[in-house]
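Note that subunit A is present in both complexes that follow, paired respectively with subunit B and with subunit C.
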Partner chain A sequence: MKKERFKKGWRSPSKSELAALLEKCSESSDFVTFKFHEQSPFAISYYQTLVDKKVLQTSVLDTLKEKEKEWSTVEEIKEAVPIENMTITSQISDIRDKLMSGHILIYKEEDPSECLLISAANVQARQISVPETEYTVVGPKESFVESIETNVTLVRKRLPTPDFKTKELTVGNVTKTRVMVVYIDGIVSQENVNTVIQRIDDITYDKIVDASFINQMIADNPSSPFPQMVDTERPDRVASDLSEGKVAILVDGSPSALTGPTTLTEFFTAFEDYFTIWEMATVFRLIRLFAIVFSVLSTPLYVAVLTYHYEVVPQDVLTSLFASRAGIPFPPLMEAIILELTIELLREAGARLPIKVGQTIGIVGGIVIGTAAVQAGVTSNILLIIVALAALASFTTPVYQISNAVRLIRFPFLIGAGLLGFFGIAICSAILLAHLLKIKSLGRPYLAPVYPVRLKDLKDAFIRLPFDKQITRPMELRPEQPFKFRPKPKPNTKNDLDIDE
Partner chain B sequence: MLPLPGEDKQVSPYLAFYVIVTVQVGVAILSFESNLVKDAGQDMWISILMAAAATHVLIWMTYQILNKGENDVTVIHRQLFGKWIGGLLSFLFIMYLFMIFVLTLRTYIEVIQLWMFPQIQNWYVALIIAAIVYLYVIGGFRIVAGLCVISFFLTIPLMLLKVFPLMEGLITYLFPIFDYPITALAKAAKTMALNYSGFEILFFCYPFFKQAPQSHKWAQLGSAASTFIYLAAALVSIMYFTKEHLAEVFWPTLTLWKIVDLPFMERLEYLGVALWLFVILPNLCLYLWAATRGLKQLFAIRQKKSLVFFLFLGVLFCAFLREPAYTERLLRFINEAGLYVMYIYIPFLYVYQLIYHKLRGQR
Partner chain C sequence: MKKVLFWTIFVLVIVFSQSIDPSILEDTQLITALGLDYVDEQMVKGTATAPLYPPGQDPKPIPVHFTATARTPQIAVQEFQRESQRPLRVGRMEVYLFSKELAKHGIRKVMDPAERSPQLGRDLQVALVDGSAEKMLVSSYRNGEMPSSYIMDLLEKNVKTLAPSTELHNLMNQLDGFGQDPFLPILEQTEEHIRFTGLAIFKDDQYIDELSFRESYLFRVLFERSTRGYYEVSYKGHYVALMNVASKPDYQFNGPQERPRLTIQLSVEGRLSDAAGLHLDNHGEIKELEQAWAREIKKKTERLTKHFQELGADPLAIGSKARSHYRSFNEAKWEGTYPTIPIEVRVDTTIQNTGLTR
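Up next is the complex of A and B:
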């Protein structure tokens, strides 16, 4: 076998190799091989389900039928067929991959050393729709779809510059998923791009179904509950992140893009913040931040206070607190855990059910169970309020994945509070902080601009300053071009004007 | 001798500020006023300033030594005194740092026992804190420095609580100024000087700063910030308590938190004691990090191993130091040692190195 191959030249596929491939393919019922007539030297093979019938009919078959008899090589066909993407190859692996991605194979049965592959992929894509998880009242309402071509188009039309570059990789040894790393050359730090490409190259897994797979696999700390890349379905957000000097990853078949390196504060940044005036955006951001702290700490504080430190509650509040807890058989910790689990149960049930049934679950859970639990004396009114508020607060996070992390870390805090009161909460915070300090996103510190302290980057972290103050790109990303724009010098006369001038 | 730390392990020089503030403001700030008031009365702020001035000079000397040696203290010791004597000195230094670690831990446990959980066992708290210290120190100096930054910002709200006693304080308690003789003030300054200890950490973390000589000004600023914090605490205490009362109150700062009265919260000392974890944690981490780093320099012991060993030893010490009298005795011993290290050993090293380099230059 080896000798035979050597004689024929290693480049051209042996007749048997191609035949073996075709035979394997034809075991699937949607694989078609045919000839126009008995004498024709050419055979045509393709997957019916992958090929666009219109292209096949109008561009390929019609042309072939007209002039087929005149040809003797595949080159001549290549010149005649009016399609842009055609290749002539003899590499068997190439032929296989292209067949599987919707190419039409034309070859000479007697001499299959050269095969023509015509691209006619049937792209089935959902219509571009309104973003659902990151909906904004103001601003663009386009969101990514499952087709990577459409997604790149959506980003590229927002960044009309040849510096916007895409690099395609293939990952997953079964799914052969196409992944594109996109960035703006000249702004992005090449180091970050290399890190991303390197890590995607290193992925060894059979199936990559969604961008979230990549997100978990290239994370610096894969076991952290905190996502280390932002997951977004908004092309405008990706375009804006790229122009700041980030790298984005698009995955075929996934309606979301990943951008990074990121920081913890970015997960509390809604893209809508840039659509409203800066004071408003700042207030909303601070509210969100407060909501997160509240969401993590409120129930543990309740448990800590009622278990150990009731002295810290002022007299008047204490009365109503104890009145609501009178007759409840459980210790505060158990009471809180039961309620928290109930909320999680409701959320999980709501997430699994269709929207309309989900609403019913919300009403049944929220109102019926809540009221009944209080009346039955299982939980106190006040805890019910606190737990509900905390759950509400955890949903204020603009990026979905971080809200999961926030809800998860609440449970260790609860147990800490139940064991050691305020001191237990402080211990949990210290452990959390150690974890956050250690996390990196694509090799860049996660807690920036707080640590390492980057005063300049604070302009767009907890607060958002107006656009004319946002002169520099985030230092954390090490952009090659640190300035977003050159501010125009302001005319001096303005300062001298008096009231009545 | 180990190579200098790589750039990815180093931190920016400005972090020296946070490192010095957090290491100087430790568990001592909860109780230092009542020690000072015995000697210096309402003039204790002068003693604080005197000690602060001396500390600035000592930090300057430390940097002179380190800039010449261009490495940490173990290397300098070996260079100046040879392998054996230098090694012994370094070892003693490391033991000193470890003992401060144990005492800081023990004092914090005592605060928790006195103010929060009277029944709680020493070893239980020590074990928990040791686990947290492990989490930080295992991350290296970069993570410990990060803890210093966060801890600095977390404790600012605690400092702001001083406003409440200040509103009820009497400014007349500050007068007459210069009522005490200079010898009494100096004696109080000597007591105060101990609270400034901790900057000896620089002897170990110096090579971990990028452009290390530039961190000098930040270290000085950090020391000045500690002075500001101590001064604020002292002035508020003087204005709120009478002299006689202050001498009797053992934890003035905690007592002052008691009087904070917010509409939704009272008795803030509970919260304060818990949050104080973030003040002593950088201390513990820095001391232990320095001790393990020193051991690695001396004997090439992996830091991961010596860290576990030291933590185990620390928990053991805390578990057996149950009698306040023993703790007191150990504290006095370490204080004495600290004074020698700071005020005799650092100047000695400075002068010795100066002569050493001069002689070698001549040769």
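Up next is the complex of A and C:
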């Protein structure tokens, strides 16, 4: 088969082609080419910076030196060198790619028709550490690192089944980033896998630096502020998602994985929910949901009420509202925008600065600026409380990207409230709802199981039922095997006699 | 196309939102209470309380009053506008008062603007003033920073336990609905307090009679389910106070539509709370007290219904209840039938407990 292809179009590298490649490479100062000894017909080339020196010394050079005889073909060398991953190839693009990923090239100078490539990549990876953005008090504390091999290992050791499959793709003209699509065969819907692979294949871009690049490029609606795949740094979460029938994407050089298809409710699901008993998990989920609604609506409601709808303020609140607003030179909309921007400034400053300085910024911003602003009569203290609470509430989201979406969609609501009052908020809500209804995640509805209604999937959406009630996988994912497990029939203990009777 | 449409709407919203008249909270003055007095057939005198809130940490509202004479309440509010510092708004009004004199000439005319306005809450408290509404609103009271909030709290939290609720939506229903007449609490100004004195009974929209506050409590028991309040019962020469734990009236019509008979089945559960000098250590004694209590309620409530029939007023909404009981009800004939219906009150009392001591 290979020979056929070879005959049809694949040419053996001409001497000049290989020479051109090597010449190009040797323009870099870390590229080395040398002959083993004066008379030897073989030359050795590699990038110093990519190759593991230990492998080079002990396995390659020592072996070559040990047998003082003259080597005649590369096959002989291949036989002798004790390294697992070696290929003999004649394809020039293959040689180039392998050289760039840390292979040692051994070739005959006179006859470069067959080149031996010895894998000796020097993998520099960070140690596996504790997850930082998705930290949980209980549960596993491993997180992904920048090496894709390590990341696949972390997932595979949690899913010891041959059905766990990986498909490797290369994306990016310049970066040639390795991307792996992983899934469990027999559970996942093949349609979802095909969608992911096809979309990744269709990517035409020069550099893929992080998984978030892929996330944006394969999203169904790339302009939506809502993330359409979950970005996680927890291998346990990926393993759990895969066993539900999702597809995950791992990207070399990125310490996070993407899982999908996802739904909006999943972004309010902390993985820690599964580590606590179901009642607590349910309550916390509902609190989080409330926090998001509060975070989006509280400031716009304040603006709408103060600008147009004084009728809805209860009499007891009226006095303090009047007192805090009296003497403030701005209309409520301006006041709210100023304060919201202040909070956004604090967030940005806190995120950009080193950790220790960042804490100081938080304290300075929160306490000093807030109090000073109220005392100077620039903002009302009630709004200060509302804005601070709204900011706090937006931090309760377990997935980082959705908190950015919540941050952003607050502003249209605010302007709508300032221009048209409750009516403006209603219009913004309608647009938001229409948008959410329209979004799809890998072709699956984003608002499921709320719309389209999937009653069975509600067991793990806003609430989390106990594990023995979680018999089916999410219907929304169309898994090939819809049942997670077969419940054991309950023994009929009604007629069993107690031991004393 | 869609984008063009979106941006067109967006620009239109921005442009036309400039022509919406905002009422920014601190730039307005909110009328919290409106009182109306009778001047003559045509004119009413309106008095409004619209407090000003000074800026600061712990502000005390400054009571501000406006008075004007006009043909309708809405025009009176416009007259106030000529004197006020900030634009006046009626949407936060809580108390709507009018004098007994005005009520005698009919309240439909003065209630109309309140019913029509979409800004007013339907929980607006409406009450009658024995005397001048203006004087009641303008005076200052020792136990309330503002007369309006004093009256509001009094009506909403205290009178509620003594008489049925008379919020705006109830009143609207009673004024316009078939087979029922309104009733309103009467407030009276004393030296330094405002006092609830009883219920005013209306025929159609005109004041015709009033009930004392004790009678209004019985009226409440007849009118709706209730859970609070005390009865005074005379028993063997002592006066006994019984607390109402739960009471429930049940209206039952019997007989043909031309000659209906009404039975009001009243079940009352009570707790003994004041019985000095009595020894209630056995069941027989308590049974006797229950019966005495039932007789007392029956006597008083039957007197009350009789009185309503004589007046031709129907605050218990018997007409409305009869209409829903009889198929193909003749509304035109009801006016003649109502005073002649035999009404019997059957009382079923239970004393749940006698307190800590016997």
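Everything below uses one rule, namely that the second predicted complex is superposed on the first by the 481 of 501 C-alpha atoms of A that agree within 3 Å, B and C clash if a C-alpha of one lies under 4 Å from a C-alpha of the other, contacts with A are read in each partner's own complex, and residues count from 1 in each chain.
Methods note: contacts are C-beta pairs under 8 Å (C-beta built on N, C-alpha and C of every residue); 3 or more make two chains touch, one makes a residue touch a chain.
Every value quoted in this text rests on a predicted model; they were computed, and no experiment measured them.
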| item | value |
| --- | --- |
| Combined model on subunit A: subunit C and subunit B, fit or clash | clash |
| Touching partner for A:L447 - first (subunit B), second (subunit C), both, neither | first |
| First (subunit B), second (subunit C), both or neither touched by A:P222 | neither |
| Subunit B versus subunit C as contact partner of A:A430, first or second or both or neither | first |
| Touching partner for A:V313 - first (subunit B), second (subunit C), both, neither | both |
| Partner chain(s) touched by A:P487 [first = subunit B, second = subunit C, both, neither] | neither |
| Partner chain in contact with A:F322 - subunit B first, subunit C second, else both or neither | second |
| Partner chain in contact with A:P82 - subunit B first, subunit C second, else both or neither | neither |
| First, second, both or neither for A:P466, with subunit B first and subunit C second | neither |
| Subunit B clash site on subunit C (candidates 25-33, 151-159 or 169-177) | 169-177 |
| Where subunit A meets both subunit C and subunit B, residue numbers | 308, 311, 313, 420-421, 427 |
| Subunit A partner contacts - residues on subunit C that touch it in the complex | 13-14, 17, 20, 22-26, 28, 30, 32, 53-59, 61, 89, 91-92, 94, 119, 121, 149, 152 |
| In the complex with subunit C, residue positions of subunit A that touch it | 305-308, 310-311, 313, 315, 318-319, 321-323, 325-328, 331-332, 419-421, 427 |
| Interface residues, subunit A side, partner subunit B - complex | 308-309, 311-314, 317, 420-423, 425-427, 429-431, 433-435, 437-438, 447, 450-453 |
| Subunit A-facing residues of subunit B, complex | 11-12, 14-15, 112, 116-117, 128, 132, 135-136, 139, 143, 145-147, 149-150, 153, 263-268, 270-271, 273-275, 277-278, 281 |
